[in-house]
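Chain naming follows the written order as A, B, C and D, and within any one chain the residues start at number 1.
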Amino acid sequence: MDLEQASGVYAIAPTPFADNAAVDYESIDRMMAFYHRSGVTGLTVLGVMGEAPKLEPSESVAVVKRVIAAAERLPVIVGVSAPGFAAMRALAQESMAAGAAGVMIAPPNTLRADESIVGYYRQAVGAIGAEIPFVIQDYPLNFQVVMTPKVIRQIVSENPSCVMLKHEDWPGLEKISALRRFQADGAMRPISILCGNGGLFLDFEMERGADGAMTGYAFPDMLVDVVRLSQSRERAAAHDLFDAHLPLLRYEQQPVIGLAVRKYVLAKRGAIASDTQRAPAAALSATARAEVDFLLKRLARVDARAG
Amino acid sequence: MDLEQASGVYAIAPTPFADNAAVDYESIDRMMAFYHRSGVTGLTVLGVMGEAPKLEPSESVAVVKRVIAAAERLPVIVGVSAPGFAAMRALAQESMAAGAAGVMIAPPNTLRADESIVGYYRQAVGAIGAEIPFVIQDYPLNFQVVMTPKVIRQIVSENPSCVMLKHEDWPGLEKISALRRFQADGAMRPISILCGNGGLFLDFEMERGADGAMTGYAFPDMLVDVVRLSQSRERAAAHDLFDAHLPLLRYEQQPVIGLAVRKYVLAKRGAIASDTQRAPAAALSATARAEVDFLLKRLARVDARAG
Amino acid sequence: MDLEQASGVYAIAPTPFADNAAVDYESIDRMMAFYHRSGVTGLTVLGVMGEAPKLEPSESVAVVKRVIAAAERLPVIVGVSAPGFAAMRALAQESMAAGAAGVMIAPPNTLRADESIVGYYRQAVGAIGAEIPFVIQDYPLNFQVVMTPKVIRQIVSENPSCVMLKHEDWPGLEKISALRRFQADGAMRPISILCGNGGLFLDFEMERGADGAMTGYAFPDMLVDVVRLSQSRERAAAHDLFDAHLPLLRYEQQPVIGLAVRKYVLAKRGAIASDTQRAPAAALSATARAEVDFLLKRLARVDARAG
Amino acid sequence: MDLEQASGVYAIAPTPFADNAAVDYESIDRMMAFYHRSGVTGLTVLGVMGEAPKLEPSESVAVVKRVIAAAERLPVIVGVSAPGFAAMRALAQESMAAGAAGVMIAPPNTLRADESIVGYYRQAVGAIGAEIPFVIQDYPLNFQVVMTPKVIRQIVSENPSCVMLKHEDWPGLEKISALRRFQADGAMRPISILCGNGGLFLDFEMERGADGAMTGYAFPDMLVDVVRLSQSRERAAAHDLFDAHLPLLRYEQQPVIGLAVRKYVLAKRGAIASDTQRAPAAALSATARAEVDFLLKRLARVDARAG
């Protein structure tokens, strides 16, 4: 499987913890079964949503291995962003040795000038090795690093191992169009573009040329269907389905508490045993949980998945 | 009219320009008629959405006067945020002399420590005068300034002229709850809380204790109805209406291009003659305009307003 | 006088206020006499140090006119940075009409990508007019905007009216070398480079190719001598003089309170009547004033100026 | 040795690398002998200057152990700042087990509100254990996190294991005075205050109540003497010595290239075998090296150490 041709939905998997905050490896298996049933085409672990910095290095590797074992033929991408290249290289190489399909690298939030960003990815590739396929995570709302289409093109051009963009610029629709125009003009080789931002613009991102989604929304089955409907040009059906989920999807996409909402819904859906997060974590208030319950009930009226 | 008891919808009014980028004063009148028909309870001008920094000082005053003249009995709040207190005072005093109900002040994006934020509002009140009612604009996503509920409480407590919070923290539902708990406990005097953030969470913000919305969504009539339905505890109806608008509302709420979308829709709805913005401005691509048209068509199926 | 050939010292002039915070126009004349005696080759007004945002628009123009009148044949540069182009254009055009030699423009602190910075200067020139000579203020420590040498070169290349760089990157010595290499290679037309950063690296900046200083250190006469000694390659003498001032110069260069120190020293030296600042302002504690007095006394032992 | 009573100079030790970028453990011993000769009273390792993020976890522990072994009776503080508490706890506990005297914790650069900062230190202490003495690193220029004196007092008050402040706010003299006033008033228990910022204000910081320096300036012997002279109230002698070093000290204190300058000088002084840094690193140009050589020569005229 070549990641540059990836399409569909790469679910961002959370790291399940037991009530005592130990990693819950059995829930990883249960969660992976849930993702298989949902029809996802790949997995991403140890992303921002995966509470990666809260794991000991040995736990990170163990989680990666358990996910890969349960993923069967599905490709697994491992988030390896780190404040230094030593830790990044160690995790990247252990992950690839364990069978990962590639790694994802976010820029440190201090980068400013274009050439600093391009230089950072050049050095990261130097550190992990040019044979490891990698994904650019472009998430300015969170990282405060702004990559123009030209900067992304330059990273792609300089680094043959760059295979995918996790696109979560906001607003970002024109960026997808610009990158696809570069490709159409022969100015950039094709890469896969999977969209994050909680899926909040997936309906139009697909129409602009994205290949799918890479996000942790707790109904990956819906994302799979929206991508499929959009790819088969059933526009109205794609939007109808997407719009039915939008109230909940918007609620989940809130910064800070988004992960709490997702774990809560995943636990309700039986994908994981507990919605426990490791500290530091923002917990849901009783009111917030009731709001999510209310949204789930409304969703169930129109979407069989949420029943 | 006491602004601390304000409820309903304060529409954030754009500044209409003619095709040649001159202020289009006739469109101000037309736009105000549109807002009257929409049932808004107040107006806010010269906010971020009002392209305020692109106006000459004399134009700012002229726009304020025209809006106030057309507002009849509706209260008008004027955004007076400025890099220095001299300009802030000048605009605040001219606005009040012209009949404004109050002013809105955002913190400069360099403030960090709690006491710096509290001190800034103290100094601003010293500059404009303690008799001018003012609104705190709490918009960390845009201004990078984080105000906790305690900081807001301290500003309210220190400054009797603080009458309202424009709430656009994100996530912010718990903040509304915390502020209303302060009030219930007698720890903070009541102020009005109107919500921004493009209205993206208005459905739940109302249920958490907000008094209404202060935002520029191009269907203020819908916002008015949602606020009314929520206040009369018709919960399902409020959410049904809100959800029908959510796909467009989300599209409008994009940073950078949000104003372009709003002016485009307002022009289509006949509220202003042209969607012209003054430079610097992000324009809508043909694709983006088609996306908005598509959303409007879908909306028209379920909501008579968009017909 | 062509600003692209400017060298020597452009003093950043503070705005003198009387004890009641009114603009002290007589002190402007006294201060200008001081600058004439100091041997500066130009003046800059309404910079960060000039408390520009605390002036009413009419005061800004009045200050500019008074400085220009007293400057006689010395060129005066006016800081016109503003959150919007309307105010920038107004002040730029009034200043030029009053006899200013050019204007200085700092980037807004939200700019990130290279092309956004270049685009900002393109739009600013569009707003003020291509016939007004302008200075780029490159001060990342304060503005959080990072301009690489290539970005500066592109601004210079796109805008024939760009005549000078106020260089205050930190560290910045290699940037001066890089820009001068561009010139030597014919890749960039010559511009004047005057250095800010409180003069903290002026000794080496001159040796890297700078043309002089543009800063508000309260001993502009020393800066003038250091520039002259460095230009005549009296290296040891230049450093000896510079080093004698370094303890005070470093003290003055502190962010936030730097202006208070400068006004205090300028008042002690008789250049202005009072060290009053307009609010908001950081005042010097009694301890801080004693520290400055101590540094002045030590300086007087080695430098006749401070006697 | 109780760290809350620490005074003198805690040298920030770099991590020496061989030309092939391997950790040079023999240079650690040589460097430690140099620090012993210099009269320092403690050491800090794995700080920003220690290239900590470029080390593998196993290397970090090995460096800590080698430094502690060579430190003999001198206390060693270990920087354990990390993006997550798992890594912080692991390194803190391994360091203490190896004989460290305490750990240093910097706030993540995303913290804003006062209570978030206080909460972060509360959680960090929860993670590493309340029995491990820790140092607050207050370095807003680098971390963009602003801690007021009250915030520091609250951290000290909540956490009995907080024993020291590494003070590198800028400007920061008033902060030292404010903290010492808290102590004098009985409003805060005494802690040690050691100053960073490259030592740029050490002369006055001592007079404001600091206990010494914690910085990596390549002449720790000078810092030791300045602290001693200041403590024995030989004010003129302290300033004379400090001022003689100020030109070099200022040069070293440049962000980004400061470490390169320090390693270059330390290698010239024989403290380490090579000035190699691990990537990513800013190297010194030939011109920069010549500038440092020039400053060293000038220093040698007045200070026997640099001979």
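Methods note: contacts are C-beta pairs under 8 Å (C-beta built on N, C-alpha and C of every residue); 3 or more make two chains touch, one makes a residue touch a chain.
Model, not experiment: these values are computed from the prediction.
Chains that touch both chain A and chain B: C, D.
Listed by label, the chains that touch chain C and also chain D are A, B.
Over half of the residue numbers at the chain B-chain C interface are used by both copies of the sequence. Counted by C-beta pairs in contact, the busier of A-D and B-D is A-D. If you average the CA atoms of chain B and of chain D, the two centres end up 47 Å from each other. Rounded to whole angstrom units, the spacing between the C-alpha centres of chain A and chain D is 38.
Residue positions of chain A touching 2 or more other chains: none.
Chain contact topology: the protein chains form a complete graph, every chain touching every other one. Per the touch definition, chain A reaches chain D in the complex via residues 52-57, 59, 82-87, 90, 109-110, 119-120, 123, 126-127, 278-280.
Only residues 112-116, 140, 144-148, 150-151 of chain A touch chain C when the two sit together in their complex. For chain A in complex with chain B, the touching residues are 141, 170-171, 173-174, 177, 200-201, 203-204, 207-208, 239, 242-243, 246-247, 250-251, 254-257, 285, 287-288, 291, 298.
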